[in-house]
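Letters A, B, C and D name the chains as they come in the text, with residue numbers starting at 1 for each one.
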Amino acid sequence: MKPHLKPEDAVKLIPDGARLMIGGFMGVGSPHRLLEALAQSGKRNLTVIANDTARPGVDIGKLIRAGAVSKLIASHIGLNPETQKGMISGEIDVELVPQGTLVERIRAGGYGLGGVLTKTGLGTIAADGQQTVEIDGELWLLAKPLKADFALIAADQADYSGNLQYQLTSTNFNPIMALAGATVICEAREILPIGMIPPDVVKTPGVVVDYLIERAA
Amino acid sequence: MKPHLKPEDAVKLIPDGARLMIGGFMGVGSPHRLLEALAQSGKRNLTVIANDTARPGVDIGKLIRAGAVSKLIASHIGLNPETQKGMISGEIDVELVPQGTLVERIRAGGYGLGGVLTKTGLGTIAADGQQTVEIDGELWLLAKPLKADFALIAADQADYSGNLQYQLTSTNFNPIMALAGATVICEAREILPIGMIPPDVVKTPGVVVDYLIERAA
Amino acid sequence: MKPEEIIQRRVARELKPNSLVNLGIGLPTGVAKFIDEHDNILFESENGIVGLAAKPPEGMDDPDLTDAGGGTVSAIPGAATIDSAYSFGLIRGGHLDATVLGALEVDEEGLLANWVVPGKMVPGMGGAMDLVTGARRVIVAMNHTARGAPKIVPKCTLPLTSIRRISLIVTDLAVIEPTDEGLVLRERAPGVTVDQIVAATSAKLVIDGDVPEMDLGVAA
Amino acid sequence: MKPEEIIQRRVARELKPNSLVNLGIGLPTGVAKFIDEHDNILFESENGIVGLAAKPPEGMDDPDLTDAGGGTVSAIPGAATIDSAYSFGLIRGGHLDATVLGALEVDEEGLLANWVVPGKMVPGMGGAMDLVTGARRVIVAMNHTARGAPKIVPKCTLPLTSIRRISLIVTDLAVIEPTDEGLVLRERAPGVTVDQIVAATSAKLVIDGDVPEMDLGVAA
């Protein structure tokens, strides 16, 4: 059985300066209660790897507003002007990465691959300073793997062994990040007895999940 | 609705000399009826990309016995002495690839990536003649993407729009190959009305599937 | 007819039966309204769904079924949900027949800038770079000018989205196709003259003979 | 006790509670028989299952639930099935705590050859190269000699499976750990002398003081 913690106890595992991957797409499929607790906790100097920072004061936007984030690797911050302000003022070091490259870099980190070879971004400023590789006379951009100290993810159903299942578009980055965090904390809508999620429905095997968040009271 | 064909009609789409990906692992999750029809059809000079060639006269082993295969890219031929004989005699040009690299090369082909960077095989004869890439002082093997003219795959359930769902360990290479074949032909155990497979259960969206094999009479 | 309806109707006629299409948030999303249902065009959204449909009736939505803008949507029977890696596998791997997206600038080489105005607007590229690099056809749907200034320019001044040439530009004034020979003016919007288009465009246009009026399928 | 049971029992004691383990086909598969159930050791098979269990009772198997040898198996409650890409993501990405596999040769550097005898036996490497390169611990489980000839040799004569040093060798005669200083003889099988082990090994062994007898958890 995986340990299951209250959100406020789970965030105690995370030190200042930690490198976090956070699931979700505009807040959809983000671990809402965990992010609320993290924003409340007064952490500083976090690195966040996520698709976006949602909207001001929402989900990852709560961490931005709390001043907890000093570095951000994301594909889109357009709907959160607070993140944009932090980028322009220099308070947040923002690395913008094409979305398909971002998710593939996270996958490469979790899958033990050396990097991602893509045409996306080639010849644009998004490729500045990046290595290229010539393969059979064609040029490819080499994007490096991403890993994190913690992956904070959300799921629809979990079982007590940590097996996870996701719902509709709340899936997004969550199953990919589940392999790329040294410690994986999952907030699921419900936690079922072991064996209640059929093997073919499990999308993330429990063996890669370290902690579950207790259901809301 | 996707066209659905009898196995003997589906194999008429495949010319001599075609490059095929074939799903399955020791025959488990292979498109059995399609392979039977293909072996009967007298095709020649096929290139087959598959994990293995099953056992003599079984599934892909039928194609080997029929002399239909002139080139094979696989990870394992140990349980099919006929394939080994063909390799040693030179009748079949066999390229042996580590299993994890093979499936990732197929994925790279389907996902539009330039190759796979892996440590697997580095410094062994399996890496002979292959490009290496140095990333932050570490050496990685670069394995090239694989694509095929046809992917011949098996599924548990299909719907009439081609959405697919797989069962237990018959999943294996099938969903990965579904993106890497220019034409994808799927033999499913049953074909359901559209909408009967829930969106979260679909593992291969029908949009990448070109033909379904009619249910057995 | 409003300018954006002209654009949406014309783009709709560009989409092929049974194709897989990604519509950008905003003006491109509205293209879906003008599709012939019998064409079985399948819409996808890069946040992870194939078979996207319009926002459901009030009270029948769910926060776990959204488009790439985060707004709730519905789905067709036979829809499939996918994770972000698979989603971009479809896009990057050449499985997406067409993407329709907006632009800040398009230039004479057919190159597109649509993701950043340095120092001013830093939304990030989101999925745009993958879409423009990977989709089989890239259709830009935009107003011809922004506050009177041409958006079709000799050379993009803003950072590029991709070094790949886009397939077609559809505006409220014209249909323009980037080619090896330059930007070819293919069609005029109803009632718009070639001179008006040239005046609203700072890029050089290739005009070869008579330029027909757009067919919007209805009276403009 | 049969030689293979000695090996299997000793390897079983090497596996840690709650760990994820891949057992190769053949002798390594039998290690599962000697695991303490309370340790919650999770077995996986590279053809796509986490939570593999023994062959089910006669008549209760299914051809779609098999191990990497193609034989039918069962699964524990809470098992998960995965595709081949995910399966090797677990293996290559460092999520697999241990792999147990056979060998043709192991040498003084701790390098392993187990996939081909050129010109004679060409089974292919299957998942072995990924397993040896990616698993956190690589445990070789084999008979100490093959038809009287040592399998632990100064330098592998057969093509290597990986250039990564394996973690431990468990044979019917000994437990040997490859280290920077060479192959350290850690344990003797019950009733076997150090001299017998040295005689059956063509590689140089590092022998430091008294070599204890293996603890197999039962009387041999």
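In the analysis below, contacts are C-beta pairs under 8 Å (C-beta built on N, C-alpha and C of every residue); 3 or more make two chains touch, one makes a residue touch a chain.
Values in this document were obtained by computation on a predicted structure and should not be read as measured data.
**Student:** Using the touch rule from the top, work out which pair, A-C or B-C, shares more C-beta pairs.
**Tutor:** Most C-beta pairs in contact, of the two: A-C.
**Student:** With centres defined by CA atoms only, which chain is the most remote from chain C?
**Tutor:** D
**Student:** Indicate the whole-number Å distance between the mean C-alpha point of chain A and the mean C-alpha point of chain B.
**Tutor:** Roughly 32 Å separates the two chain centres.
**Student:** Where the centres are mean C-alpha positions, what is the separation of chain A from chain C, in Å?
**Tutor:** Centre separation, chain A to chain C: 29 Å.
**Student:** Could you tell me the distance, in whole angstrom, between the mean C-alpha positions of chain B and chain C?
**Tutor:** 35
**Student:** Provide the C-alpha centroid distance between chain C and chain D, rounded to the nearest whole angstrom.
**Tutor:** Result: the chain centres lie 56 Å from each other.
**Student:** Counting only residues that touch at least 2 other chains, which ones in chain B make the list?
**Tutor:** In chain B, the residues touching two or more other chains are 104, 107, 111-113, 118-119, 166-168, 171, 199-200.
**Student:** Touching at least two other chains at once: which residues of chain D meet that condition?
**Tutor:** In chain D, the residues touching two or more other chains are 49, 75, 81-82, 88, 92, 134.
**Student:** Once the touch criterion is applied, which pairs of chains come out as touching?
**Tutor:** A-B, A-C, A-D, B-C, B-D
**Student:** Would you tell me which residues of chain A are touching chain B in their complex?
**Tutor:** The contact residues of chain A facing chain B are 104, 108, 111-119, 131, 133, 135-136, 138, 140, 142, 144, 165-168, 171, 199-201.
**Student:** Quick one: in the complex, what on chain D touches chain B?
**Tutor:** 45-49, 62-66, 68-70, 75, 81-85, 87-88, 91-92, 119, 121-130, 133-134, 159-164
**Student:** Which bits of chain B are touching chain C when the two form their complex?
**Tutor:** 107, 109-113, 159, 161, 163, 179, 194-195, 197, 199-200, 202, 204-208
**Student:** Would you mind writing out the residues of chain D in touch with chain A in their complex?
**Tutor:** So the residues of chain D touching chain A come out as 20, 42, 44, 49-51, 75, 77-82, 88-90, 92-95, 134.
**Student:** Residue numbers of chain B touching chain D in their complex, please.
**Tutor:** Chain B reaches chain D through residues 25-29, 51-52, 54-55, 74-79, 84, 87-88, 94, 96, 98-101, 103-104, 107, 118-126, 156, 166-176, 203.
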